[in-house]
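Below is one structure; the comments refer to it alone.
Every chain is named by a letter (A, B, C and D) in the order it is written, and numbering of its residues begins at 1.
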Amino acid sequence: MAQPQQSDGADGTGAGKPPLRVGMVGYAFMGAAHSQGWRTAGRVFDLPMNPELAVVCGRDATAVRAAADRHGWTDTETDWRALVERDDVDLVDICTPGDSHAEIAVAALAAGKHVLCEKPLANTVAEAEAMVRAAEEARGRGRLAMVGFNYRRVPATALARRMVAEDRIGALRHVRVAYLQDWLVDPAFPLTWRLRREQAGSGSLGDLGAHIVDLAQYLAGERLAGVSALTETFVRQRPLPAAPAGGLTAVGSAGTGEVTVDDAALFTGRFASGALASFEATRYATGRKNALRIELNGERGSLAFDLERLNELSYHDATEPAAHAGFRRILVTEPDHPYLDAWWPPGHGLGYEHTFVHQARDLVHAVAEGRAPEPSFADGLQVQRVLAAVEDSARKNSVYTPIAA
Amino acid sequence: MAQPQQSDGADGTGAGKPPLRVGMVGYAFMGAAHSQGWRTAGRVFDLPMNPELAVVCGRDATAVRAAADRHGWTDTETDWRALVERDDVDLVDICTPGDSHAEIAVAALAAGKHVLCEKPLANTVAEAEAMVRAAEEARGRGRLAMVGFNYRRVPATALARRMVAEDRIGALRHVRVAYLQDWLVDPAFPLTWRLRREQAGSGSLGDLGAHIVDLAQYLAGERLAGVSALTETFVRQRPLPAAPAGGLTAVGSAGTGEVTVDDAALFTGRFASGALASFEATRYATGRKNALRIELNGERGSLAFDLERLNELSYHDATEPAAHAGFRRILVTEPDHPYLDAWWPPGHGLGYEHTFVHQARDLVHAVAEGRAPEPSFADGLQVQRVLAAVEDSARKNSVYTPIAA
Amino acid sequence: MAQPQQSDGADGTGAGKPPLRVGMVGYAFMGAAHSQGWRTAGRVFDLPMNPELAVVCGRDATAVRAAADRHGWTDTETDWRALVERDDVDLVDICTPGDSHAEIAVAALAAGKHVLCEKPLANTVAEAEAMVRAAEEARGRGRLAMVGFNYRRVPATALARRMVAEDRIGALRHVRVAYLQDWLVDPAFPLTWRLRREQAGSGSLGDLGAHIVDLAQYLAGERLAGVSALTETFVRQRPLPAAPAGGLTAVGSAGTGEVTVDDAALFTGRFASGALASFEATRYATGRKNALRIELNGERGSLAFDLERLNELSYHDATEPAAHAGFRRILVTEPDHPYLDAWWPPGHGLGYEHTFVHQARDLVHAVAEGRAPEPSFADGLQVQRVLAAVEDSARKNSVYTPIAA
Amino acid sequence: MAQPQQSDGADGTGAGKPPLRVGMVGYAFMGAAHSQGWRTAGRVFDLPMNPELAVVCGRDATAVRAAADRHGWTDTETDWRALVERDDVDLVDICTPGDSHAEIAVAALAAGKHVLCEKPLANTVAEAEAMVRAAEEARGRGRLAMVGFNYRRVPATALARRMVAEDRIGALRHVRVAYLQDWLVDPAFPLTWRLRREQAGSGSLGDLGAHIVDLAQYLAGERLAGVSALTETFVRQRPLPAAPAGGLTAVGSAGTGEVTVDDAALFTGRFASGALASFEATRYATGRKNALRIELNGERGSLAFDLERLNELSYHDATEPAAHAGFRRILVTEPDHPYLDAWWPPGHGLGYEHTFVHQARDLVHAVAEGRAPEPSFADGLQVQRVLAAVEDSARKNSVYTPIAA
């Protein structure tokens, strides 16, 4: 035990509050993380509605029941179409691979549900456009849609956004971003669904690149105008998984199959303001496990963040006298840091999963207040357009490719 | 989303498992953290029993009801004596200030409950001795007792313990530990219960020092033989809090009161093996928010940990050729790291509160298997004896003071 | 004082050794650094020849005499043509801006001198080609030429090279490099010669980019095949310097002049082996003073270096069990690290200028042994071709541009 | 090459300046470092006198001649008594083990020389007192004496001192200091003179502890009032060195000898102001090569330094709003940092040996201006008294022991 400032809200959680009944589709990694978010948000934050883990959906009845018990969901479904039609579901939370996002989201919005959709919004721009149209139409009926770029909700990135908005770094010159993982370095790693274009849409680009494109634009407060890109698939044949998991149909001959997505994507770009950006997304950065790193350099200061040290934000204030200036490590655990008033005393750090608690919190507030949540489906579409431009540029010998508006 | 290795257990949580009904006394900072632990453990780990947040106890009926709603407890009590007698409580979790630990724990054990008691075990050695006797007696009746030194359950410290046990650092030479906070630097910070000897027992010594004494001995795998100590109270008068919170009776004149505990405690010591140790516990280390730092140097290697970067363990392997040796930063998020098989993919860090999830997990296993959990009340008593020796030494001009056996 | 291992060589420095008489052209920043190198190398290392600071050359007689006295040169010249013809000069060290490198180097080689030429080798590929031809011809007459990419001679980068050569990181996947400075962030910084194409050749590209292209290829042990680039000049008009220093003729009207070089250059590329590379060179990275950072990821490991912490090399050994693996910080101060046997005991770090001491040491050995030193003029030309491809690509909408062979 | 701000002084070095003729006794590790200092100071700084490496002294004529050639000394002596009497020596620089400091220094001062004496000032308080008396008497004759606590002259520590003097950290609460090395971890390391009390005086205490006591008091701007200490010798018998080097007479039987000094010393203390201090000096901190670390916590801020990253100073400004506060890493390479106006552009770091260049610079200024240099022999004596109190306390069961005034 350490410090006494922590005070618990005194009003209780569910008592007398309207419920927000969630139906979640998919229950693997993202489903587990979202479950933590929905289950915890109202225990920590004083929310205007009471999130309920109403129904979880998966194709295998036994498995989905076990997942429901494990993660705390009351009921189960084996067909997402049934789930989106249930009267006792207010919000559909889509945690499936990207190839099913559009169909589920459009149906859920049509059925009058709010929708939270995992990133990337879709596997293609066309799907994403359909989703945006559905979201706009639903908005007229008071239904809200949000895409799950959870890394906006790390307290340190939210603080970075606040500091940029306060003009603490001034005119932006550079944004450099990398999302480095290493789980494909071993050529014996099997050919999972994430390595097949038909399910995953793309490789590190959609998985990691989508995150960093969204985060870079969010922190910069402006959008990319164009990109120039290289992509590469280092290991083109991989062993098939022991059992076709997650719906992957066996492909290729003799126990191996073709990797049909990128292993790594590098791109440079220009922001609308003229600032330069560099991006790298890879699963081959040996020793880097989840190193999402972003740095912004402006005329008045700089900000830097590394997801592997997610409770810290690095800040350089260039308006200080040079003799005392330096990058400072802000431990983002103070009560006046974003999301932190409800958590622990200073210095008691949060983890990865808390981004999903914060996401749930923010979405509950938006629903209760009838406000459009951010990032919107339109934001998700724009990220998709950046990714499409990256793929276009890579196909066209890296030529600079404007982002479609 | 990032990596596909994460698989969810398939057996569900509560289904068919015996319950472990918890009654918690106190619901402030520690109560909130313990609630998270009890609520989450079975959602993440495949536990042999199903923890239930049965009853929470506090003196104010309205406030405790609100806390119950907030943190997810079913029922409430306003008298801990009633709680420990309830048939529908299997385990009593004591989250009150140290002056009530002994009375509640002894009563709960006598009433046939398992007990989890927050650290420090008690405010005096005599109280702690009574608790150990009660625990030993209850052990004969199959009831278990554990003290809540949660920092043993950071994956990085648990990994450090495993590596020491594997003899990776060899004969121990040095342990240096500091627990640095800064929330008392401002002389205007009010006189809370933590600054009064009658409730808190001691100041930074019992609050922070207890943690580092336990952690140092746990990681070293051996006990301190004696200590030499300095303590200090830098600010001796502080303003009284606006309202006498937490049972603090107003003391002193004209709106200020006397600080009757130490602000900082420094001590050196010798381990049984002859290794040297240095300890520092303070609430005046400006800019250090929750910096529990420990380093062990052995003949074959070294280990270092900093709670402000709790997902990392630093390790130097001195058996490597000097040309390639160096302190390595192990990101303690791999599946074969302690507790990590149930969490997220590599690189997706945990936070402070997860220590309480792990504590709940370990205690549930111990109860289900009838094993004595660690750290035991005897361990807590021994820490208390170290703290008593520290206070003795400080009173006696820092003379080296053996730890009572 | 700290450790006893340090032993001084017993043979003395100059006694009986042949001299290597150096004539240096230019005496500003680089001249000062080279002077330190020549003056110190034989005091620390046991060299086969005795470097003598014979003559320094500058246009202003008074200023060059003062510089000679300050930096320890015996004689002076005001015309480099006179210097290269002197019989008492064995080696010409060129520390002028890039626009004069080719002329001086070609003349010096023709005059039978060895040549050390600061980087970048030249301002154009054509000049560099002429220099390579001159160097090849001189080689036949036993005269040697080297280009001064001093960052190969940081002990940590030399160790990295050795570890790559030992195949410690395996098949290369990624190289990411940035050279970040911030001295142009202020729009009021004056228009020095470095911001004019006619003298500097290019901006951050030639100044910083040349360093990182060379270092990346050196460490990778292979060459770039092609690049795709963006360049930018953020501030296009700057105030003229108070006095036209370094030969800059005033340009522009009313006290300002045009910046005719790039402020920043971003490029991606492919190595011959298929590894991907990303490069960034900028003088607008607020708060980054001299942050040359390079990371290599291979199938068996990774290496990382940051010039702002130049005594450290970061190494991840991916062949270790995951439970104990991590980036280790090698303090590159051990006797069996490159260059370190002659310096201080472990942990006593070196600084920036020591790269020039090591450069002098290596060149003296090459001259004494009649071996071609590295990096050669051909290496410098190849870097120039990469920079030319960067500029080509930037002009052509970032299209991927192969490096001329 | 990087930045153009560097300008060379225009006045030259030796021309017309009075010489300061140095005679150095001893030429091992410290002698090499001092040689670098004397040789370089006037090449970098614009000094009022011209240091000349006049004479170096050692017992073996051949070896000292070789050392003179290596390090650039003109003449040699084999008897320090002859050296201190030479008319062509103005300043005697004592780089021998501590047992000869007093005799040489007293004789040199009596002979009318200025004296620079390596730390620790002496092996006993009595010797140090005699040296102070000699220095005071010589002061009347215009002769100056300084003790070589070179770590005051790291730019980062000098900046820290300046910031403390500017009251940037306010009322001091804590100083924690450790000097960690590991070169004795291996029990097979031989019994050198540093491990014998008769030559070294003490072990890590005098070697490392002297440095940190001086640095702590220097940075704090106040003195220790008392200490409580533990010392330990972990390995009591070590193999004798192959050849009796440095005057060590073989001791012990059968090829091993007794270690008669401490391996490690831990002590806590109180400053005059009531601030607390903790110290640790050891040669058994596996993996720590030269880790002199100091942190000061005051009511308004904190400062931290680590010699293994000597170009950095860490600073926390507690007067900042908590939301933006954090320890900042000041890269101490700016022109307005101590000593830095004469060196390289920002970001181009210095190394260990530069402390000796700065020491030479400061001493030359003091001599030229007739000012008493710091740290004085009296400062060195006071450090010796602290070390004596540490040994006293360690002998007396760690009892708190006031420092003699």
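As a working rule, a residue touches a chain if its C-beta (ideal position, glycine included) is under 8 Å from a C-beta of that chain, and two chains touch if they have at least 3 such contacts.
Keep in mind that this is a model prediction, so the values were computed, not measured.
K.L.:
Which is the least count of steps on a path of touching chains running from chain B to chain D?
P.N.:
When the steps are counted carefully, the minimum from chain B to chain D is 1.
K.L.:
So which chain is farthest from chain C, going by the mean of the CA atoms in each chain?
P.N.:
B
K.L.:
Report which interface contains more C-beta contacts, comparing C-D against B-C.
P.N.:
C-D
K.L.:
Hey, how far is the Cα centre of chain B from the one of chain C, in Å?
P.N.:
The answer is 54 Å.
K.L.:
Could you tell me the distance, in whole angstrom, between the mean C-alpha positions of chain C and chain D?
P.N.:
Result: the chain centres lie 34 Å from each other.
K.L.:
Two or more other chains touching the same residue: where does that happen in chain B?
P.N.:
288, 316, 325-327, 331, 346
K.L.:
Which part of chain D faces chain B closely enough to touch in the complex?
P.N.:
Of all residues in chain D, those touching chain B are 169, 173-174, 176, 178, 182, 185, 228-230, 232, 234, 264, 266-270, 274, 276, 278, 280, 282, 284-288, 295, 297-302, 316, 318, 325-327, 393, 397-400.
K.L.:
Given the complex with chain B, which residues does chain A contribute to the contact?
P.N.:
Within the complex, chain A contacts chain B at residues 1-15, 27-33, 35-36, 39-40, 43, 63, 65-72, 118-119, 181, 183, 192-194, 207-208, 246, 288-291, 307-311, 331, 333, 344-354.
K.L.:
In their complex, what parts of chain A are in touch with chain D?
P.N.:
Going through chain A, the ones touching chain D are 159, 163, 315-317, 322-331, 334-337, 346.
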